[in-house]
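What follows is chain A paired twice: with chain B in the first complex and chain C in the second.
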Partner chain A sequence: MGRRFVRRGLLSENFVLYLSIVFFAILYLFMPYIASGRNLANLSSNLWPLLALVLGQMFVLILGGIDLSQTSIMALTSVVGGMLMTTQLDPTLFEKSPLWGILLSPQGSPISGTALAVPLGILAMLAAGMFVGLLNGLAVAKGRMPAFMVTLVSMMFFSGLAIYLTKSENIMYLPGGFTMLGAGEIGPVPYSFFVVLVLAAVAQVVLKHTVLGRWFFAVGKSIRTSVVSGVPTERVVILGYVFSGFCAAVASILYSARLACGRPTLGQNLLLDVIGAAVIGGISLFGGKGKVLWAFFGALFFVLLSNALSMLALPFYAEPVVKGAVILLAALLDVTRTRLLAREIVA
Partner chain B sequence: MTETILQFDGVSKSFFGVHALHDVTFSLPKGHLLGLIGENGAGKTTLMNILGGVLRPDGGAMRLRGRDYGPRNPAEATEAGVAFIHQELNLFTNLGIADNLFIDRFPRLGRSPFIDKPVAKAQARKLLESLNLPLSPDTLVDRLTPGERQLVEIAKALSTGAEIILFDEPTTSLTAGDTERLFRIIQDLRRQGKSIIYISHNLGNVLELADEIVVLRDGRVVDQGPREGFTVDKMISRMVGRDISQIFPSRQSAPADETLLEVRGLSQPGIVKDIDLTLHKTEVLGLFGLMGSGRTELARILFGLEPFERGQIVMDGVACDGVSVRDSIRRGMAFVTENRREEGLLMEATIADNLGLVALPAFASPSPVRLVRARRLREAVARVAESMRIKNGPVDRTPAKNLSGGNQQKVVIGKWLLSKPSVFIMDEPTRGIDVGAKYEVYSLINDLAAQGTGILLISSELDELMGMCDRIVVMSKGEVQGAFDRSEFDRERILHAAFKGHRAHQRGARR
Partner chain C sequence: MRAWRWICVSVAVAALVAGGISCSRRGDAPARTSVCFAFQDLETEFWVAGHKAITETLKSKGIEVLERNANQDANRQLEQVRAAIARGVNGIIIIPQDGESAVTIVGEANKAGVPIGVFNRPPANKSNAAIVVVADNERISELAVSYMAEQARRLGRKATPLILVGDLGDNNAVARRKGFMNVIEKNPDLFNAVIEVPTKWDAVTAQANLEAAMQSNPGVDFIFTSSDQMYPQIRAVLEPLGKWKKIGDPGHVILGGVDGDARAARWMKEGYVDATGVQDLFYEADALLTELLRAIEAGEKTPNKWIEDPGFALTQANMAERAMDMWGYKLFAEQGPAAAR
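Presenting the complex of A and B:
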């Protein structure tokens, strides 16, 4: 009976969720603090922005592509938003910025301090994210370049640009209307949850219920067959990268608001977390497979793992080792599971 | 009385309780060519996997040169002198010919780990010469034609000292000239005393080559005997287990006067030149040509997959001098490509998702979000699957890759039916599928034509075109070389037109 239980858990669609719960339970035995209200709040504030990134990444992965530039989009949009919204810039730090005197002054940007600063700032961030995504998409779809190369280049280019624009300085003094997005709560639930919930709902509807969603899977399974079958493959691919850029901008808004600054190095260490979470969730790197729920499970597992590791206070070199080992273990479980599933279908 | 070299004695094999082979008994005399035929799923592959040491039989035995033979792995089969020339060639295209020949046993300099290149090259050259293949042993396999690659495979088999050589569908990707050359070499091998098992769906070839014929159906030997006792019709009826009075179902319609598609002076440098073509309502128009004649390229241009420089494609009276795939589909065109795995199907997707792919936009809500009307789509897909009798498994769960070739092809054709095409281009729609499935595809073509669709049927099998078409247009070297109405169909003349400019198809050595 015990074996059957394990087997059913392994084969379930919700396997990664169960894995997360078991993991959490084991951690709880050793570190009851993990279930404290403060830590749970911390977990949730880490989870939602990461999920936004994974959702965007998922669309690109379903296409059989990859978006390495998400983190640089975060950095760039963080800087763009920060510049537009900040109310005070220290001339000694920023006068070397190429935008000083053009867009930037000691009082921030021309719209700083106005009622429009926050909405326009947010719109500009989203637009910048989508613009980088558009460039990626055009290069992949029209330029027929490999996604890996294209997004690697834009990762380098736009993170460099973000640093260049600010001369590597963080932009402080963001308006309260913006930082509230990162810190505000309704009861115990942070605003970021609602933002990402909307994003996830949109992703779910698009993937499951629209023509476009079915085209995403078709392109990921065989782009040549899709072309012959009249799927507008170029448009689909471009839209995938634009959405990924959009999601990265959303994540950037949430992180920047929480940190209350525009940071040119934002998200620098997040890339592998995003792709790791997507893959652990079950989204295939080979394209054609992915679900919103899987993205959620993957992000949940990853956030739990990071949280546990930081609480263990391991020496700095041990943390990536343990993280790698756990990912390896998860991958191993996944392979076992796939094999069991295959046998299930034959029998 | 010739000596028996290989004997199958009551060989049986089951998978999950289903008999794949049941009491298979026959023998291969030394120096003979045995034609092994049967529909897909009849057990040919299982039998050959047992012979090759990939699978082990559940019952029965094999005897090779009078001794018990039971290879436990492919290496033991090779060791025993059994070699396979596979349908999908197993060559490393990034390596040279000599490297391919000796990949698993390079001659070495003494006992050192270094390859003795001069010896390898000399041996390779000798093997190539014995097959009349005037190529340098250093030539990259990548640069060889399919026919030449096949000969390299044969050279590889000979280099292992094979006595029994098995050919599995060797001609599917060969041009007519290459096929001829292959057959000459097979005859040579037989004269040298090699014993050959030849598997093919091309029954005419089997009849031409074989000394004996063995027919498998549902894992059993249903007929065997010398070639003289067989005709193509008999072979088919034994394979299918019922009488097919004809290979080609009879047509119920004749071409109408109304023109659906007209091509005027279509040219793309180096590909096609000055093509004129007219396709009428309810017409089945054949397009014949050797491999490389431009027939497939023409189809791809018509459908908008490739560009053209000059000329016009007129559909429904509207001319255009540049089309995209999406335009073509909107104008009522459908296209079954010659390679169903790469361009016809989403192999990993379900039957239902494949069938719904083309017509998807027609099942969307009018809002800009374009929600899929899932239930209507599901019903429409189910109707198509039903009407085409696509078997094996539930359509919404079975992935296309699990289907047999025939059923896969039916899915590829079926996905266009929901878009109700008026012009249907089919490039080699019966390649690699068994006789029963071919008959179904032919019936489908006839039904479509009877409903008014114009069909452009491309095939390298002339018999198929002569059996199916109202008219045949022959291409060679990118140009139309002739057109024949049904009343003037004549093998000789059609082939003559197809070979125009190909007289020198026995190319000399390329330097």
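Presenting the complex of A and C:
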């Protein structure tokens, strides 16, 4: 009975969710404060921006590609939004920016302090994210270049551009209307939840209920078959990267608002978390496989793991070791699960 | 099966988003006094020594220390501090990535009513309350550069000054640059135009940029580093150019820096470095801990105090009297060259 239960759990699509629940339950025995209201609010606040990134990455992974430039899109869009919205810039820090005297002044940008600053700033961030995604998509689809190389190069280029535009300075004094996106709540529910909920709903509808969604999976499984079947593969690939850029910009909005500043180095250590969460959630690196729920499970597991490690009184050097070991264990369980599934299908 | 899945997902989401409704704002506080010490990579000797002084003092007082390394990621540090608050720590000490993120993190601690101390890298503004211990970097740099300027006067010609600038998002770097510039501007008869080399506090960046600057300005004969950690990079660039010379040798580049670490101690003793601005690390660590522990004891939730370390400059002229006041010199004296690699 017990063995069958474990086997069913292992073979279930929801394996990572069960793993997260078991992990949380075990942690609760040793650290009951992990279930405190404050910590659940922390988990929530950490989860939604990461999920936005994983959702974007998922679309590209389904296509059989990868988007390494998501973190540089975050940095670039954070800087773009920060420059447009800030109400104060220190000339000592910013006078060497190439935009000083053109777009930037000690009072910020020409729209700083107006009612348009926040909406235009956010729109500019989203547009910048989609633009970088478009460039990536065009290079992959039209230029037939490997996604890994294209997005690696754009990661380097746009990270550098973000640093160049600000001369590596952080942009403070963002308006309250923007920063509340990262810190504001409706009752106990953070704004970021609603933002990412909309994003997840769009992703779910597109993947599950539209022809476009079926094209994504078809291209990821076999691009040649898709071409023969009349799927507009180039447009699908471009759309995938544009959506990834859009999601990275959404995550950038949430992280920048939370930190209350535009940062040219925003997210530079996040890439492994994003790809790790996607893969642990069950989204295949080889394309053709992915679900919004799996993205959620993967992000949830990652956030829970990081949170737990932050709470344990481990020596600081042990934290990455434990994190790596737990991820390895999760990956091993996933491999075991895949083997069992394969055997079951054969049987 | 589908129903079961949706129940699990709904429970997980509901627990996360509605966590704040039913539970208290503070986690269950551990019985023992605990302090979260959140820092960025301990990339320089100054931070390593500061980390050691703080953790050892706390542990010796029977305080549980929750050490967190954010690996130069301000967002991660914010998450770590939030987790520590949820765990119910009694106090927080941070070495922030930069002054801007310090403002946000201090604000989080203020909101939660947990006293917070900021070690040596001050918040970009004073909008939130914290115990901040910071060296008077402008004055310390000015003292060191003034001595270097005296040496430049003896050259009998204008010197070409170069400064290795730290991360200007960090107030320490801004103040050190300002101290340097104050002296240069006061002595227009002594100096040609200043060459500024950005380092971002990163050794690799520093070496690459310094190499490029020395190629295009071979006449540089006056170098000030905003952190003593850059001396190995300065040596690596100057040595092949035949410019790593002792004081008094023809072609000696007038050298100085700030921090007062063991490398500076070694090269001052060996006669390569003219002066170094010294932060009193042990005083800073002690002052921060004393004030934070006092606030915890008194139940103060948002103590607000800026403590300044006046520092001093160790020069070739006052080395005999003041060398042992420099923390790096003590390390060098205790551990020998191993402390000054």
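General remarks:
What we mean here is this: the second predicted complex is superposed on the first by the 343 of 347 C-alpha atoms of A that agree within 3 Å, B and C clash if a C-alpha of one lies under 4 Å from a C-alpha of the other, contacts with A are read in each partner's own complex, and residues count from 1 in each chain.
In this text, a contact is a pair of C-beta atoms (placed from the backbone, for glycine too) under 8 Å apart; a residue touches a chain by one contact, two chains touch by 3 or more.
Remember, predicted model here, so these are calculated numbers, not experimental data.
In the three-chain model built by superposing on chain A, chain B and chain C fit together without any clash.
Using C-alpha centres, the superposed arrangement gives chain A a vertex angle toward chain B and chain C of 130 degrees, stated as a multiple of 10. Within the superposed three-chain model, A:Val292 lies out of touch with both chain B and chain C [touch as defined at top]. Once the two complexes are overlaid on the shared chain, A:Gly37 sits against chain C while remaining clear of chain B. Looking at the shared chain after the overlay, A:Ser222 reaches chain B, while chain C stays out of its contact range.
In the superposition on chain A, A:Val231 makes contact with chain B only, not with chain C. In the superposition on chain A, no contact is made by A:Leu61 with either chain B or chain C. With both complexes superposed, C is the one of chain B and chain C in contact with more chain A residues. Of all Cα pairs spanning chain B and chain C in the superposition, the closest are 17 Å apart. Taken in their complex, chain B has these residues touching chain A: 16, 303, 305, 325-326, 329, 335, 337, 342-349, 353, 356-358, 360-361, 364, 369-372, 374, 415. Per the touch definition, chain A reaches chain B in the complex via residues 205, 209-215, 217-218, 221-222, 224-232, 288, 346-347. Listed in rising order, the residues of chain C touching chain A in the complex are 1, 4-5, 8-9, 12, 15-28, 34, 64-69, 71-76, 78-80, 82-88, 98, 100-101, 103-104, 112, 124-125, 167-169, 174, 198, 200.
Every residue of chain A that touches chain C in the complex is listed here, in rising order: 12-14, 17-18, 20-21, 31-47, 92-93, 167-170, 172, 185, 187-190, 193, 255, 258-261, 263, 266-270, 293, 296, 300, 306-307, 310-311, 313, 315-317, 319.
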